[in-house]
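The data blocks that follow each hold one structure.
You will see two complexes here that share subunit A, one where it goes with subunit B and one where it goes with subunit C.
Up next is the complex of A and B:
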C-alpha cells in the first residue's frame, strides 16, 4: 500500500520555513501530521536526524525541494512539545517517534484483551507483540520499549500489572 | 701646526671668506651617522677657489664636513641646517662638475672657523674625482629628511630657524632671490602635500567646513551689520553645499522656510513621475530625478528627506514612507496599500508564482519596490515564500 502524500508535499513553499508567524504555525502543523502518518505507515519507531534528511519525507525529489536541517529541528521540536517525540541522546541525533502515544496503545491492547475475554490472563510481552494471535492487530510488531510504556500506562490506570518472570517480562490484565 | 695654519689663513684671507664654516675635530657625534664621503673635492667660496687644498667631503645626518687630504687635522664643518638650498653645476671643458650650496648668514654665536667674513652666500664643492651625482642624491635625501632635527647632537651647533630667519636678514638681490625661492618651495610643498595624501585633503576640507561654520556663526552674532538678504543668501549657499547650518534651524524651528518651499516644489514636480511609476518611487530615485532636473543648486540628501517629512503637515498629496527593511519611498496619498496588495496577489496567482524580478518587470516597477510589495503581502498573510537555490519565489498562501 503506497503512502498518500498530502497536497502540501508538492507545494514548494512547504519546504521553506515561513517567516510569517501565522503561516508558519499552519505549516508546522502540516509537517507534524505528515511525519507522524509517514512513520505510522512505515511502522517506524525511531528516527535518526541525519538519515531523515535523505528520507522521502523531508526530501521531495520530484519538485527538487528539501527541508533544511534547521527546519527539521524545528519540526522535531514541535513534535516533542506535542508529546509525540522523545530524544534518545543529548546531541539530538536520534529520537523516538510516537505516532501513537503510549496511552493510546494501551487502550488498543486492552480493547483486544477484553474483546477476546482474556482478562485475568497472563501474557508475555513477546506473545502480545509477536504472537500469532495478535497478527492482525495494529499493535503487532510494536517495539519493546513502546509496548512497555503502553503497559505502564495501563498499570497506572489500574488495568494491568507488569510481572517479571524467569525469561523476561509479562503482564496480567484486570 | 693647526694653529699656525689657522693664523695664516686668517691673515691672508681677511676679505674673501666662507664664513659659515667651523673648525671641528672631524669626529661624528652621538646620534650622528655617516651618510656618504667623497675624496678629491675642492671648496670654493662663492666663485673663488678657497685657499684650502683638495680634500675629502663628508656628509653626515647633521653636518657637511671637509677634511684636507694632506693634513688630516685640518677639518671644517657646517651644519646642514645652515643650508637653504643647493643645485648641480654641470662640468665643462677643463672644469669639474660642482654642487652649489646656498647658505644662511652665519649666526652671531657661531664657533670659530677658517673664515671670519665672506661676501658670498654660497659655496661650491668641486668634484675633481667625480662622485657628484651620488653625493647630490644623498644630500637631497638628508635635506628632505632633516634627520638632525630629530636627534640633536651634544655639540652646540647654531641652527637656522628656517626661511623666516633668513628673510629678516636678507639684503639685496640675493635676498630677493632667496625669498622667491622659498615661496616657490612652500607652494610646491603645499600642493604636493595636499595631493599626495587624500586624507590630508580631507583634513583641509574639514577646515573649510569649520571655516564656513565659523563664518555662519559670526553672521549670527553680527546680525545687525549684515543685511538680511545677504545672510539668507549665504545660508542658502551653505545649505546647497550640504553643510547643516544650525543657525537656520534654531531661528526658524524645524520645518524651515527653505524646507517648506522645497516641499511645495517637490509636490508639484513629482506628481507626474509618480503616476507614471504606479504611485511610488524610492527616495533615491527621487533624489536623482530632482537633482538632474535642477542642474544647478543641487539638493543635499538631508534637505530632501527633511522636505519629504513635512509633506503631510503641509497637506500635500505626497507621503514619505519607511518600510520595515529601512527603504524609504515617496508615494501618492491616493495610493492605497490594500489595493496594491490585492493586485499583487492577483498577479502572483495568475502566474502561479513570481520572483521579485519577474514581478518588477510585470508592473514596470524597480526591483526594490517590487520586493517590498511582495514582502508586505507576505506579512499580511496573502503570500508565502519558497526559498531555494533557485532563488526567492512567492506563492499565494495556500496554507
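Up next is the complex of A and C:
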C-alpha cells in the first residue's frame, strides 16, 4: 500500500520554518505527524539525520523543496519532547523513532497473549518478535530494543516478568 | 334673484355642506378600510395556499428561491428579516437559510486551522453540498451568499472579499483593510504572491507591500516560502488549489489545538 502524503507535503512553504509562532506550531505538529506516519509505514525504528535530509519525507523533489538540517533538528526536538524520539548519541546524529510508544506495544503484545490463552506461558524474545505464531501480528519484526522496553512497561504494570535464560532473555506473562 | 355665497344663510349652508363632506369622508374611509380588510383576508388566504403549495419548492429549488427573493424585493418585503414574522414562519424561508448558516459555520470552523479562516466560495459550496449528502437539497452559490450576508448582519465575524470574479469568505474577525484585500486579489491567480509582483501591479513602495504581507502572516492567512527561486513567496492555504476538496484526515484532526 503506497504512502498517502498529507496536503502540506505538496505545499511549498511547509519546508520553510514559519516565522509566525502560531503557524509554526501548526507546521511542527504536521511535521511530527508526518514523520511518525512515514516511519510507521516503512517500519523504520531508527533515523540518521544526514540520511534523513535526502529521504523523501524531508525532500520533496517534485516541488523542489527540502527541510534544512536546522529545521529537521527542530522537528526532531519536538518529537523528543513528545516522547516519540530518543537520541542515540551526544552529537544527535542518530535517533530512535517511536511511532508507537513502549506502553502501546506492550498492550498489543499482552492482548495477543491473553487472546490465545497463553497467560502463564514463557516466551523467548525471539519467539515473540520473530516466531511463526506471531507472523500476522503488528509487533512481528519488532526490534529487540523496543521489544524489551515494551515488556519492561508490562513488567512495571505487573503483567509480565522478564527472565534471563541460558541463551538470552525470555518473558513470562501473568 | 338671490346672490350666492353671501350672508349668514350662506355661511350656515357652507358649514352644513362641510359637515356633510366630513361625514361622507369618514364614511368613505370606513368603507375603504372594510374593503381593504376583506382584501387582506383574501390575500392572506391566497398566501397561505401559496405557502403550503410552495414550501417544498422553497426547500428544494434554488432557482425558485432566487425568483421568490426577487419577487419579495419588488414588493418591498425582506423574507429573511428577523427570524420571527409572517413571511419566515409562513414559508419556512428563514429556516432554510438559518440551517444553511449553521452549516456554513461548521465548514469554516472545521477548516480554520488549515486556511486561517479564509475560504473560496467554490470550496465552501463544494463542502456544503458534500455535507448534505446524496439526497441533498439543491444549494446554489446565491443561497450561500445570502446566508453569509445574514451571518454578517448577526455579527458573526463573517465577511466576503471579491476576488477574480468570485468571493473569498472570511470567517474570522481578522482585520483586513483595502490594502490586504487588494493583495489577496493579486494572490488569487497563482495561490501566492511576491513583493515584486505587488510593486509591479499596484505600484506600491516596498515597505507598504512588506507591511501587508507581514500582516497576512501574522493573521495566519499566509505562509512563507523562502526556497522559491528569486525571492520569497507568500502562499495562502485558502487559495492552494491542491487543497480544494481534500478532506480533513484523522491525523490532521488530531493536530488541531483545542
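To be clear about the criterion, the second predicted complex is superposed on the first by the 174 of 174 C-alpha atoms of A that agree within 3 Å, B and C clash if a C-alpha of one lies under 4 Å from a C-alpha of the other, contacts with A are read in each partner's own complex, and residues count from 1 in each chain.
The rule we apply is simple: a residue touches a chain if its C-beta (ideal position, glycine included) is under 8 Å from a C-beta of that chain, and two chains touch if they have at least 3 such contacts.
Keep in mind that this is a model prediction, so the values were computed, not measured.
J.: Consider subunit A as the common anchor and indicate whether subunit B and subunit C clash or fit when overlaid.
T.: Here subunit B and subunit C cannot both sit on subunit A without a clash.
J.: Between subunit B (first) and subunit C (second), which does A:69 come into contact with in this model arrangement: first, second, both, or neither?
T.: After superposition on chain A, A:69 lies in contact with neither partner.
J.: More residues of subunit A are touched by which partner: subunit B or subunit C?
T.: Between subunit B and subunit C, the winner on subunit A residue contacts is C.
J.: Using the superposition on chain A described above, determine whether A:118 touches subunit B (first), subunit C (second), both, or neither.
T.: neither
J.: Going by the contact rule set out at the top, does A:50 touch subunit B (first), subunit C (second), both, or neither?
T.: neither
J.: For A:37, is the partner it touches subunit B (first), subunit C (second), both, or none of the two (neither)?
T.: second
J.: Thinking of the overlay built on chain A, is A:13 touched by subunit B (first), by subunit C (second), by both, or by neither?
T.: Once the two structures are laid over each other on A, A:13 reaches both partners.
J.: Check the residue A:163 against both partner chains and state whether it touches subunit B (first), subunit C (second), both, or neither.
T.: A:163: touches no partner chain.
J.: One more residue to check, A:26. First (subunit B), second (subunit C), both or neither?
T.: A:26 contacts both subunit B and subunit C.
J.: Which subunit A residues lie in the overlap of the subunit B contact set and the subunit C contact set?
T.: 7, 11-13, 15-16, 18-20, 22-23, 26-27, 30, 64-65
J.: Which bits of subunit A are touching subunit B when the two form their complex?
T.: 7-8, 11-13, 15-16, 18-20, 22-23, 26-27, 30, 64-65
J.: Which residues of subunit A touch subunit C in their complex?
T.: By the definition above, subunit A touches subunit C via 6-7, 10-16, 18-20, 22-23, 25-27, 29-30, 33, 37, 64-66.
J.: Would you tell me which residues of subunit B are touching subunit A in their complex?
T.: 353, 378-379, 381, 384-388, 393, 395, 397-399
J.: Name, in rising order, each residue of subunit C that touches subunit A in their complex.
T.: Those residues of subunit C that touch subunit A are 113-114, 192, 217-218, 220, 223-228, 233, 235, 237, 240, 242-243, 246, 249, 251-252, 254-255, 257.
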